[in-house]
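Note that the chains are named A, B, C and D in the order they appear, and that numbering of residues resets to 1 at the start of each chain.
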Amino acid sequence: MAPVDLSTDLGGVVLPNPVMTASGCAANGRELHRFVDVASLGAFVTKTVMSQPRSGRPTPRMAETPSGMLNSIGLQGPGIRAFCEEDLPWLREHGARVLVSIAGGTAGEFADVAAHLAASPAYDCVAGVEVNISCPNVANRGQVFACNPEASAKVLTLVRERLPSGTPLFAKLSPDVTDIVEIAASVLGSGATGLTMINTLLGVVIDTERLRPQLAAVTGGLSGPAVRAVAVRAVWQVHAAMRAGTLPEAPIIGVGGVRTGADALELVAAGACAVQVGTATFHDPTAPRLALDGLAGLVAAHGFDRFADVVGIAHERT
Amino acid sequence: MSDVAQECAELVASRRVGAYHHLTFVAPGIAKLARPGQFVAVAVGGEEPATLLRRCFSLHKVSPAGAHRGTVDLVVSAVGAGTRWLTALRTHDRTDVVGPLGRPFPLPKEPVATVLVGGGYGSAPLFWLADTLRSRGCRVDMVLGAATEERLFGAVEARRSADSVVVTTDDGSVGHRGWVSDVLPAVITHSRAAVVYACGPMGMLRSVTEVAAEHGAVAQVAVEESMACGVGVCMTCVMPVRGNDGATRMVRSCVEGPVFRGDRVRWDAFADGRCLVPEDAVGAAAMRAH
Amino acid sequence: MAPVDLSTDLGGVVLPNPVMTASGCAANGRELHRFVDVASLGAFVTKTVMSQPRSGRPTPRMAETPSGMLNSIGLQGPGIRAFCEEDLPWLREHGARVLVSIAGGTAGEFADVAAHLAASPAYDCVAGVEVNISCPNVANRGQVFACNPEASAKVLTLVRERLPSGTPLFAKLSPDVTDIVEIAASVLGSGATGLTMINTLLGVVIDTERLRPQLAAVTGGLSGPAVRAVAVRAVWQVHAAMRAGTLPEAPIIGVGGVRTGADALELVAAGACAVQVGTATFHDPTAPRLALDGLAGLVAAHGFDRFADVVGIAHERT
Amino acid sequence: MSDVAQECAELVASRRVGAYHHLTFVAPGIAKLARPGQFVAVAVGGEEPATLLRRCFSLHKVSPAGAHRGTVDLVVSAVGAGTRWLTALRTHDRTDVVGPLGRPFPLPKEPVATVLVGGGYGSAPLFWLADTLRSRGCRVDMVLGAATEERLFGAVEARRSADSVVVTTDDGSVGHRGWVSDVLPAVITHSRAAVVYACGPMGMLRSVTEVAAEHGAVAQVAVEESMACGVGVCMTCVMPVRGNDGATRMVRSCVEGPVFRGDRVRWDAFADGRCLVPEDAVGAAAMRAH
């Protein structure tokens, strides 16, 4: 039996396999590389970077929840300059294809970060840019860019202008919206090559001993296997709209609750052409590798020889 | 990839010691690499865990593989779901363990006098440290404290490993009634210690740092921040620590710690179970913008 | 030590304790009564009833998920006539205080069901009516009444007209909205006495052996401890708005992922004056009782002698 | 509240039998009340379960409390997370068990001839049923089928409990190669059975029902629908069954079943792992509206 062709097309850029880290769940590579060769992944997704260095939020920043966790890191990071000087070159040297996650407090800041990134000498390792318009830990309130189609469109338009035209641009969406297809339509109409779904769900955990919120920041983002059914649903709805012709066809990167190969296959069968592994990496630092091996095994066991043939297949079998 | 191991470790011994459980796992890869002050991250909950995050434990001691299989020993206080699961394991059960993690206690280059201070199960890593220090010719005095006798760990072991041992309990059930910081000044003065090593609750580490400073000693403290991954990828375990350049950064205690120089830690940011970001910390300004 | 006063005020009607079943998770009482005396609960919440008998959806109707489940029952039930003739009298005879959950395919059907209920001879056991505007299994698409403030308001207005003025009226909200406070404002301004939060989250699970959706109905509602942080967040946001004066003060019934007394306390500390136990009942049919005992024990252990003093307390300790 | 028990049951024996695990739990309350065809709902996953829903298993046999503790026996096929957890339990472990649940096999008032048909672990409840029938003077013939010899349960036990036993396997590894429905006509004809009892996969139950009808026998089949609660509160386990009035309703197989008269089940609604709501079912019209 010939090995399965795992390659996947991210809207122009072809990756050798469809499994990635998830932004914020693998830092910027060095630490994970002790457990998983960053070059063996389809792509390495970096921690969302903003223009300036950020300290992140006070602690506690996390609470474990049943089959998941809540976090309020607050996009701690070195800022785009240091990122381009230290992190990106390191990833490049180690052979990673990099999906760089960027954010800003305003649409203009998003664009500045993109411009800085595009000017980086290490830019040739960038397989794409993921625009994080959905981080619940940036603003104090629950409302993020991705809750509003116009605000989302503006960010994408400005970022697109600052990047080389060949760079795939993914908008990372929040599930905390009434109609995710509406947001998808808006960003795909404003320069996004594709979509990453989903970011975390807004949540609160109460410390029942102190009778106060467990996170110092009060609210945080819920992730992990607990939310997988929501991620699969988001991918399902958007892919269904593409099949129905009400949304333009575009690559979807699925993320949310993936731990095993079977979990990854759920997102793929629902319509994702690539899958990110986030919280599961905290459970097992080799989780991205395990999910990749598991996914490859299942695709083969189902008798397919091209991964691409499985993408969205469940829509044909309802 | 050679300084850390991941092993599906078999539990070969589990016994109660006061309020704690002393567990021995077969983990030769970790045992070979570890040094005192490092820790391991243990998967809990079995095959389909509702408790997804790893639990971190100081290495109490390691027995590198020789004639026997290499083992690592942990001292676990069963406080929540994960530690209850772990302490309910039976001999021959297995779980995944990653380690050694974090930076070990730095050892003095000269054979200076040292004091080792442990609070509760925080004393677990100190006996191994004591043996290492004494093998380098350092004098080792120990101060062990706990809320109650039950929660005091290793008072007997301490007598073997240290030149002197002082015990305190909050309720006076054994040793001096009071805190380790009450007796620490006399111990430092007496031994002329140059370094004070400490492991235990944050409040204790802060007082140890202060007492050490007052006596011209350096404090090396092993902190315990809430950790989701233990390996440096999640950014949950941060705390404000001053660097060589004097600037305060929110650093990850799992990779830059768990051992810090006590005088580098911004104790002023800790209060009431939370730790704020000091206004002057690197990147704090950007947080105020949004 | 005097026993804790567990009573709670549901907007006029006082219940002896704050723990209830959740709609659809305890049928209409007979089956649960083998395990928990229905009269011992603060209130018994009935399966949502519509005007006509309903067969519910095809099977499989459920998928287990990590720390939760997905269901697509489709409001199977006997219709309001049979409900009033058989179920309500049985609950009344057994001493239950009943929160009757009603729904309709149109705002008019909601009103008809309410009118029929109000005319029932057993109506005196009705402690309140819960208006289920948020069931993801009624419509084929994800959009339910509770996704739209105007549609929600219309339902509440019509139902209010058909009920005796003393009957507390609770609108059950969906978490699948961009701004739950907006929906809360709309229903509270249209006759709702209070709010029940949350109904299930829309989800999809893929059967990775058959590579098709596991539920015959494709989408279903996600529930269980997995979603508790979302429920606590919803209660938190709405209660915060009440404290801030941007929403009128009103009782909140918390529901979502409660299994233990500590889980219940999370919702209470976030602002709920009563708590429903749903999916956990499938794990243990005595779950509502266990949650009640656990909650009472914790309230006492914290040194309170009135349950009411704990409601929303976490807002004072951030 | 007296017809069902809930017990934190201790596992006292666990052994492999072919492809299955035979488990014995101490559960005197359940043992006392149960009758053949009923089942139990077992909690899986321990204290903080990620697997929240109960798993249902037919009662293989019960030993009511006498000199010894009352026990219940289950035959479990480890197929998913819950059954893997259950079959990994060790002696003295405990889990919560609720039962007996559902309606038992109805017993004939007269001492008529019966045939008992089991597919895979579906034969588990039949030996107890056979003993009960024979104690009432009924002739009992058994037909046991499975995919392979490994998945055949109780062929030896059957010889003790039945007047005759025929075995089939799909692969012919033991007994006749083929399906139980291939051999069933001859068995019914030979014994002149008035009732055919069956437990096994849906496809088998359907054929058994057809064969029984062709031979003028009543089929009583124990179905296995996916169940979330097992006690009648969730409405996940429904299937279309005709009532005495001829109307088809989506009834809960956990409380109105698991045993149904085969000719009442709307087999036409089942296909490809799904079961549709027949157009003529009570309440189907309202579903078409919204």
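Going forward, a residue touches a chain if its C-beta (ideal position, glycine included) is under 8 Å from a C-beta of that chain, and two chains touch if they have at least 3 such contacts.
In this text the structure is predicted, and so the values were computed from the model without any measurement.
Asks: Just grab the chain with the largest centre-to-centre distance to subunit A, centres being mean Cα coordinates.
Replies: Ranked by distance of C-alpha centres from subunit A, the top chain is D.
Asks: List the centre-to-centre spacing of subunit C and subunit D in whole Å, with centres computed as mean CA coordinates.
Replies: 35
Asks: In whole angstrom, how far does the Cα centroid of subunit B sit from the Cα centroid of subunit D?
Replies: That gives a centre separation of 55 Å.
Asks: Report the inter-centroid distance (CA atoms only) between subunit A and subunit D in whole Å.
Replies: Each chain reduced to its C-alpha mean, subunit A and subunit D end up 46 Å apart.
Asks: What is the distance in Å between the mean C-alpha positions of subunit B and subunit C?
Replies: 46
Asks: Provide the list of subunit C residues touching at least two other chains, using ranges where the numbers run on.
Replies: In subunit C, the residues touching two or more other chains are 66-68, 210, 224-225.
Asks: Where in subunit D do residues touch at least two different other chains?
Replies: In subunit D, the residues touching two or more other chains are 48-51.
Asks: What's the contact topology between the chains, one of line, ring, star, complete, other?
Replies: Complete.
Asks: Please name which positions on subunit C make contact with subunit B in the complex.
Replies: The touching residues are 66-67, 225.
Asks: Going by the contact rule set out above, which residues of subunit B touch subunit C in the complex?
Replies: 48, 50
Asks: Please output the residues of subunit D touching subunit C within their complex, sorted ascending.
Replies: Subunit D residues touching subunit C: 1, 3-4, 6, 43, 49-54, 96, 98, 225-226, 228-229, 231-236, 238-239, 249-250, 255, 273-277, 281-287, 289-290.
Asks: Can you check the complex and tell me which residues of subunit A touch subunit B?
Replies: These residues of subunit A touch subunit B: 24-27, 30-35, 47, 50, 52-62, 64, 66-69, 71, 73-74, 76-77, 79, 105, 138-139, 210, 216, 224-225, 279-286.
Asks: Would you mind writing out the residues of subunit B in touch with subunit D in their complex?
Replies: 45-51, 81, 84-85, 90
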